Each structure stands twice: as C-alpha cells, then as structure tokens.
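Got some structures for you, see below.
Each of the two complexes below includes subunit A, the first together with subunit B, the second together with subunit C.
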Partner chain A sequence: MSKFLKMYTPFTRAGIQMSMAYRFNFFCFLLGEIFKCFIMFFVWQAVFASSDSETFMGFSMVDMTVYLFITFLAGYLTYSEGTYAVGEEIRDGSIAMRMIKPVSFDMTFLFQELGNKIMVTLVVLVPICVGVELYKYFVTGSFMFNLLTFTMFLFSVVIAYLISFYFNVCYGFMAFFLKNLWGANILKEVIVDFLSGATIPLAFMPQLMRDILTFMPFSSLSYTPVMIYMGMYSIEKSLGLIALQLFWLAAFWLLSKAIWRAAVKRLAVQGG
Partner chain B sequence: MIQVDNITKQFKKVVKQPGIIGSVKSLFNPKSEIITAVDNVSFDVQEGEVLGFIGPNGAGKSTVIKMLTGILTPTSGKCTINGKIPQKDRKNYVKEIGVVFGQRTQLWWDLPLVETYSVLKEIYEVPDAQFKKRMDFLNEVLDLQAFIKSPVRTLSLGQRMRADIAASLLHSPKVLFLDEPTIGLDVVVKDNIRKAIAKINNEEKTTVILTTHDLSDIELLCKRIVMIDKGKNVFDGNLSELKSKYGQMRELCFETDNIEDVKSKLQYASRFNATSDDVIVNNDGANVSVKFNSDKIAVADILGYTLQEVHITDINVKDADVEEIIRRLYKEGVTENE
Partner chain C sequence: MLKTLRRMLKMHRIFIAQDLKKMMEYKIDFLTGAISFLLGQVFNIAFLWIIFSQIPALQGWSYDEIIFIYGFSLLPKAIDHLFCDNLWMIGYSIVAKGEFDKYLTRPVNPLFTVIVEKFQVDALGELIVGVALIASVIGKVSIHWSVLNVILFLLVIPFATLIYTGVKIITSAIAFWTKRSGQITHVVYAVNDFAKYPTTIYNEFIKTVITYIIPFSFTAFYPASYFLTGENPLFNIGLTVVMSMAIMAVSVLVWNKGVAAYESAGS
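Up next is the complex of A and B:
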C-alpha cells in the first residue's frame, strides 16, 4: 500500500502544481459557475414569489437556495475531466506515453486529478458551506449544522467523485471508436445534469420517474450527497443510498477495466 | 535480446469519399478498408547491439517500434524482448525498457523538468542514492543543468529531446528504443545526442534500436541495419553489406580549367550507353562531379574516357555514401528489386 501511494502521490503533487500554473483559468471558471448559481437563485425566487404557498413541492425558498449552492459545490467537487483527458490522449495518440510506463493507466489520471481536487476543496468547500450555513442562520434565525450529516455528506461526495471519475473514464474510452469526443461529451453533460438532479431536484419529478432515477447511477453523482447535506434523509436512508453509491462505483470500475482490456487490443495510435 | 518473428499489423481505416457529399455519405455509410502497415517482419538483435531501423516515411517503422514497446498488439506473429512478450504483463515489461518518440514527449508539459524526473524516480522505484548518481551521469552526458528548473513548455526542441532521452534512461533500462531522436535538430545538438547514445551503449551495454531518417546517425552509431519498405523487411545486414549490395553508385570528382570542354565533349550517356539514372553529371564552377553506376560502367573506362577528352587539374573517385544508396533505394522502391 505504501509503495502504491509512493508511486502515485507524485501525480497528485504534479496535479496541484498544474492547477497552480493555470490558476487564472481556475478562478474564471469558478466565477462563471457562481454567476450561474445566482441566476438560478433569482429564477427560483421569482417562482416562489409568484406562488401562493410558502413551499413548493416540499421545498421552501431556504431549502431551494441551500439546494442550489450545495448542488453547485457537489458538482464542483465531483466534476471529473476523465472523459476529456482520456479522450484527448486517445485522439492525439499521447496515450502511448502512459503505456510505456510501469503504472496503471487509470490510477495516473485519478491521482493527477486528486491534486486538482485538493485545491478545489480548499478554495471552494469551506466558503460555500460557511456561506450557506450563515444564510440559513440569518433567514431562519436558528443554527442547524449537524456534524454527523456533514460527515456523511463528505463521505458521499468522495464516492460520488470516484463514480464520476470512472463513469467519465468509461465514456472517454469511446474515443477508441469515435476518435473525437467533443460533441458526445457535451451531450453527456446535459443528460447527466438532468438525470442526476443537478438541474431540477428529483423531488419535483413524477413519482415513477423519481424512483427510476434514484436507483440509476446518476443520482449517486450529485443528488444523494446534496440531500444528505440538507438533512432530507434519515440516517438509515442515507446509509442505504451510500451503499447504492458504492455499488455503482464498483460497477463503473469493473466496466472501465473491461473496456480498457478490450480496447487495448484494437488500439490504433494515431499520428507519429 | 530481441527476437521478432513474422509480426504483422493490420489497421482498419475508414475511407472517406472526397467532397461534402462524400463526407455526408461516409457519415451514414462508412466504408473501411484493411491496411497492412507491417507485413511479416522478422529480425533479431543481440545484447549490446545498436540496430539502425530505417525506411521511407510510412514504411511501418514506428508501428514496429510500438509493437515492440507493448503499445500496439500485433495482428499476428510474435516478438520477445529479454524473454518477455511486451503485450503480456505490460507493467513489468516496461520497467526494463526506455522509449523516446521524437515526435512526442513523456515530460510533464507544465512542470519544471526536474519534477518529471522525481515522478519517474517514484514510478520506477529508483533508490535515492542511485537516483542521484544517475542524474549526475545523465547531466554530464546530456548537459541538462542549464534548464533543469525550467518548465518543459519553455524548452527548445534540442533541450527537450535531451531531457526526453534522459527521462528514458533514468531507470537504467536494458533496451532503449529511439524513434527518430534527432528529428528537427541542428547539427551540434544531433552530434551531442549521438555521442550520448554511443557512450551509454558503450558503458552500459544497453541494446539500442534506433529509427531515423538521418543517415549520419546510422553511419556513426549502427553496425547493423534493418530496412523496411511498405511494411516488408527488405534488408538486414551491416553497413558494408548494404554498400556492396546496393552501393554500385560511385562518384568521380575532378577539377578542370576548361569547363566548356566538359559540357561539349563529355557525353557519358551515349559513350557508355547508360540511362540518366546510371550517370549523373553536376558541376559547381570548375568542380565537376559525375555519379555513376559502377556495375554498368567500369571505373577504369570512365576514368580513361574523361582524361582523354578534357584537361584535368585534379581527380579522385569516391565510394558511395549511404545517403546516396538510400536515396536511390527509396526512389526505386526496394520491394520490386527483391
């Protein structure tokens, strides 16, 4: 295990250094995402203002605000560039340079991205959580932070990230067959955002659709950790959903291994 | 050390029809054809040998290298390196080899060069003491000190290539694959890189496979040459064999004080009944060079004829150089001759 860490932590270190090298990029992206959050906030405010009741489908305006910002946070923490990174390396053939090294292909990507995640966590997690809790305190007048749910949230987010990573790696392997993934990737992001409840809470959807989507892997990516954070689930239900997350993680991990094995046999390195 | 047995690699390639209509057609009804990039190539390399692997662009050199390094899987045939099959247990196999693709880099683009080396140190599990010794050695051979702290993206091509070669040697591999390591470099850098390769081969008995288009690389480094063309093996032997097999072209150089005489009186083609490929005359002022096929025209004959026709102040006959041989081979397409 320590040998394993020793071999891959340099990738994490390099990932941190690389996100530092592109910090302007990073802050622009962050700013853009926060703008999007506020736009959604005002849209929902208008929805609630025009409604007669205080709550909408079981969500109050406070809940909705927390939902928006925590969904943004979870989205940011679980975002994986796997599809892009894997797809691009397959497209330009530089995947060959990873194959001539005695390392696992997926681990090098994962640990490199973890470096970036550490940076993101430091810069985004604490301000958003503190902001959201302060907002709740000022609007409702009571302080409701619960360490247990927060711990479960963190755990759930980490699993969600790993699912997201392997899901994206699997998707990126499509480049073996498609050679260029740009369009397919955009399609994927829109669909995943919708199915994972990142666009609209799954609670707003019809019962049957909600049940199907809760079981599908997408809700594990964002909706589960967000609901856990908001304290919408009992402890038992939270643990059950975390178990479901673990199941999907295992499924995508195995799938990525299988695709990799099949794809390497028919790999055609492009160029040079 | 390296055995290659009848390896073949076929690719499926989507054929695109020309024009917009063609593009639309291939979007809905893609047609593909099988391309044989490498066709039954066999050769072997002894331990400590430097093998020059040559052939025109698109001959399949890189594809062979990619199969030997475990990146591609051969469609049929087998290669064994140091008793291991590259495609089986890739992670263990690649610990013993070093690879440089001249057109790609294994360095971390955005990080200072030295960071790449410390990542590689962990990947290959090189102990601290050995790493330090190795870095000193590579530093001395490849002269990295000046730019080791600069981000890789700021390096010049020559610096990057030296850094890449150092990266491939950090773990003291038994076999080194160099795919066009001197591509696009100036003469001085090329020379340094050749010296470094020669030194490493000499001191550590590293087996080297080198592909190149620069024939000086071959002349200075390789005792043996394998040449492929259109995916097929066309020549395997040492440099002098190549010269005697294909090197009938020799060059007669002379200096004259009457250049007009040369042009009007010397009619090699009609005198020896030779084609324009068998005798090529060039002149630079008073210096005249006549390249001729010594199989068709005897040296004594051409010398006698020249001396008889024009007044000459200096004369010599040169052996064919490799560059000329290869140029002819590439041009004619060697496969037809076999």
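Up next is the complex of A and C:
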C-alpha cells in the first residue's frame, strides 16, 4: 500500500504545483463561475418574489440558494479533464508511451488531478460550505449543520468525482475513433451539465424525465451529493443512493479497463 | 476614402472564403458543436419554461417578454462573435507568441486586419436562434411596430454589437502590456450573462456595474424593454448609442496606446 502511494503521490505533488502555477487562470475561471451562481441566485430571488407561495415545487428560497451554491461546489469537485487528457495523448500518439510504462495509466492521471482537487477543497469547498452554513443561520436563525449529512455528502462527492473521472476517461477513448473530440466534448458537457441538475434541480423535471434519469449515471455525479448535503433524503435513501453511485463507479471503472485492454492488444498487433 | 473602403470589403470577402474552406474540413466536429449549441439553448429555454409553469410573471415580465429579451440578447452577441472573434486570440496567444508583429508590417490598420482574419461562421447559429426566438413571440408581446420603432430596432442592434466589440478590444489590448489577457477577457465577457435577464432583478452594485461600467445591460435588457413597454426611449435607446460610442472610443484609445507600448518595447 505504501509502495503504491510512494509511486503516485509525486503526481499529486505535480498537480498541486501546476495548480499553483496557473492560479491566476484558476481564480479568473472561478470568478466567471461565481458570476453564473449569483445570476441564478438573483433570478430565483425574483421568481420567489413574483410567486404567491413560499415554495417553488417543494423548495424554499433558502433551499434553492443552498442548492445553487452546493451544486456549484460539486461541479468543481467532480470536474475531470480525463477526456481532454486522454484525447490529446491518443491524437499525438503519446498514449503508446503510457502502454509500455510500468505505472497504471489511469492512476497517474487520477493522482495528478487529486493535486488540483486539494486546491479546490481549500479554495472553494471551505469558503462555500462556511458561507452556506452562515447564510442558513442568518436566514433561519438556527444553526442547522448536521455532521452526519455532511460526512455522507463528502463521501458521496468523492465517489461522484471518481465516477466523473472514469466516465471522462471512457469518453476520451472515443478519440480512437473520432479525429476531433472538440465537438463531442462540448456535447458531453452540455448534456451532463443539464442532466446532473446543474441548471434545474432534477426534482423539477417532468415525471417521465425523472423516471428515465433514475437509470442513468448523471444524477450520481452532482444531484445525489447535493441533495444529501441539503438533508433532503432520509439516511436509508442516502445510503441507497451512495450504493448506486458505487455501482456506476464500478461500471465505468470496468469499462475503462476493458477498452484499455482492447486498445493495448490492438496497438500491439499493429505496431509490432 | 471610398477606394480604401472598397479594398477593405474585398479583402474581408477573401478572408471569409478562406475561413469557410478550413471549416468544411471539420464537418463532423462542426456538426456536433452546432448540435451542442442548439441543445444548450433548448435547455436554457426549458429552464425558463419550468419557472413560468409556476409563476405568471417574473417581476412583471411575462414568459414571452422574457423570451423576447433573451432572443434579443443573442443578436448583438452573435454579430460580434461572427466578425470579431479573432480578438480573443490577441489576449490568448498572438501577443505572447510574438505573432503580432506581422500585423504591424501590413499596410492596413492592424486592428482591422486582426478582426478580419477570422469569420466565425458558427455564430450564425446564435444569430438564427436569436431571430427565431424573437419571431416566436413577436405576435404575443405588445410591441408597437411604428416606422420609427422599426428603424430604432435596426439601428440599436449594431450599436449594441459594438459594446461587445469595444469591451473585447479593451481587455485584449491589455495583453500589449501584460503579454496575456485572455483570462481577463474571459471573465469580463462572462459578465454578459447577467444581461440575459432583466437588470432590475439584481442588487444595486451589480446594476451599477452592468449599466455604467461594463455596460452589457445596454446590449439586451434596456433596448428590449423599450420595445416592449415604449418607455424611456432616451435612456433605453439613446444611452445604448452613447454607451456604445463611448466604449468604442475608449477601446480604440486603449488599443492604440497598447500598440505604441508594444512597439516601443522593442519588437
């Protein structure tokens, strides 16, 4: 185990260093994303002000605000550049190098990204969670932080990231078939964004959509951890959904291994 | 004067033709990109639709009026995207890689050549969606299409477009001093997202910023609200023109200062 860590923690360190080196870009991008968050906040504030009722499809204004900012946080934590990284290496052929190296292909990417995620945890997660809890306290007058739901949230969001990682790696393997991944990448982002509840809580969607979505992995990417954070699920339901997340993680992990093995075999035959 | 203008237009046509040729090579990629864009628009509208399924009006604006404002917001954005997309490259790579020098050696104004080099055809998609959205609600919103209003509508769009262009020129020109300003351009440009919705929903700080500092409100909400309500033409239309001219003047000034600084830095 410690040998494993020794092999891969240098990648994490590299990831942290890269994040530090690009911190101006990081903060500029963060600012742009925060704008979107606040735009949605004001839109929903106007919606609630224009409505007779205190709730919108079961959500109060406080719920909606928490939903927006925690979804924003979850988006940052689960974002993975696997598609881009894998796609690039396939395009310029450097993927062949990965095949002959004795280190695991996905582990090197994963540990490098973890470096970035550490940055995100410090710079985004802590302020957002503190901010959200303070907001809830000031608006409702009571301190509503629940350690159990927060722990389940953390666990759920870590699994969500891993699902996102392996999903993106599998998607990146499409570069074996497509010349340019740019368009396909945007398509993935647009669809995943919507279906994981980033714009509209999945609970607001028509029943048919919700039924279809229960069979798809997208809600496991963002919606599940966010709703767990908000305490919208009972403990049994939360654990059940986390188990579902683990299922999807296993599915994409196995898929990525299978594609990788097939690719290695095929390229070994071609390249000799 | 007329000869230069004719020459510029001819060159522009040649550049556009070259860009179209390059684009055809990436057909599948282009198609998926186009579908993604359309899908994104569909999702935006689905969001609005879900909101209006529960409330009759958003701060007094009906669903059709909000769609009109949203569609209107896409027009200047698309036109600027169509013609001036290359400005992004100034801040992202052209200056940093030392490639700006070639623009200085040409006998034509460098700002013009930079802009003309890229004709971003996919922006037509944005334009079509904007027009389609407006067309879809044109019968349902109470706009008085007098001759004056039609003229004002056609007039205000180019001025609103120039607000986008001006902002991009200013933030791109920063690269002449700092080598890279792509991220700054990205963040400032992102402020335009606020303009999709009625400016009145925001707090005082944001309202001031998007009205007087990074005046994106004049690219969508203010002019659109004039057509929808007929109120305050001097502010809604007049100030759009004024803001647009002001931003363009500032942008050309900053750009020229930037080029001078770049040249004197020894290239």
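Points worth noting:
Rule of thumb we're sticking to: the second predicted complex is superposed on the first by the 261 of 272 C-alpha atoms of A that agree within 3 Å, B and C clash if a C-alpha of one lies under 4 Å from a C-alpha of the other, contacts with A are read in each partner's own complex, and residues count from 1 in each chain.
By our rule, a contact is a pair of C-beta atoms (placed from the backbone, for glycine too) under 8 Å apart; a residue touches a chain by one contact, two chains touch by 3 or more.
What you see is a predicted model; the values in this text were computed from it and never measured.
When the shared chain is aligned, no partner comes close enough to touch A:Y233: not subunit B, not subunit C. Contact with subunit B, but none with subunit C, is seen for A:K101 once the two complexes are overlaid on the shared chain. In the overlay built on the shared chain, the residue A:F204 is in contact with subunit C alone; subunit B does not reach it.
In the superposition on chain A, A:N25 makes contact with subunit C only, while subunit B stays out of contact range. Of the two partner chains placed by superposition, only subunit B is touched by A:K265; subunit C is not. The residues of subunit A shared by its contacts with subunit B and with subunit C come to none at all.
Within the complex formed with subunit B, the subunit A residues making contact are 3, 6-7, 9-11, 13-14, 17-18, 21-22, 93-94, 96-97, 99-104, 264-269, 271-272. Across the interface of their complex, subunit A is touched by residues 26, 28-37, 39-40, 43-44, 46-47, 50-51, 54-60, 183-184, 186-187, 190-191, 193-194, 196-198, 201-203, 206 of subunit C.
Contact residues on subunit A toward subunit C in their complex (touch as defined above): 24-25, 28-29, 31-32, 35-36, 38-39, 42-43, 45-47, 49-51, 56-57, 178-180, 182-184, 186-187, 189-191, 193-194, 199-200, 204-205. Interface residues of subunit B facing subunit A in the complex, by the touch rule stated above, are 11-12, 62, 66, 69-73, 90-92, 94-95, 97, 99, 101, 103-106, 108, 110-111, 115, 118-119, 122-125, 151, 179.
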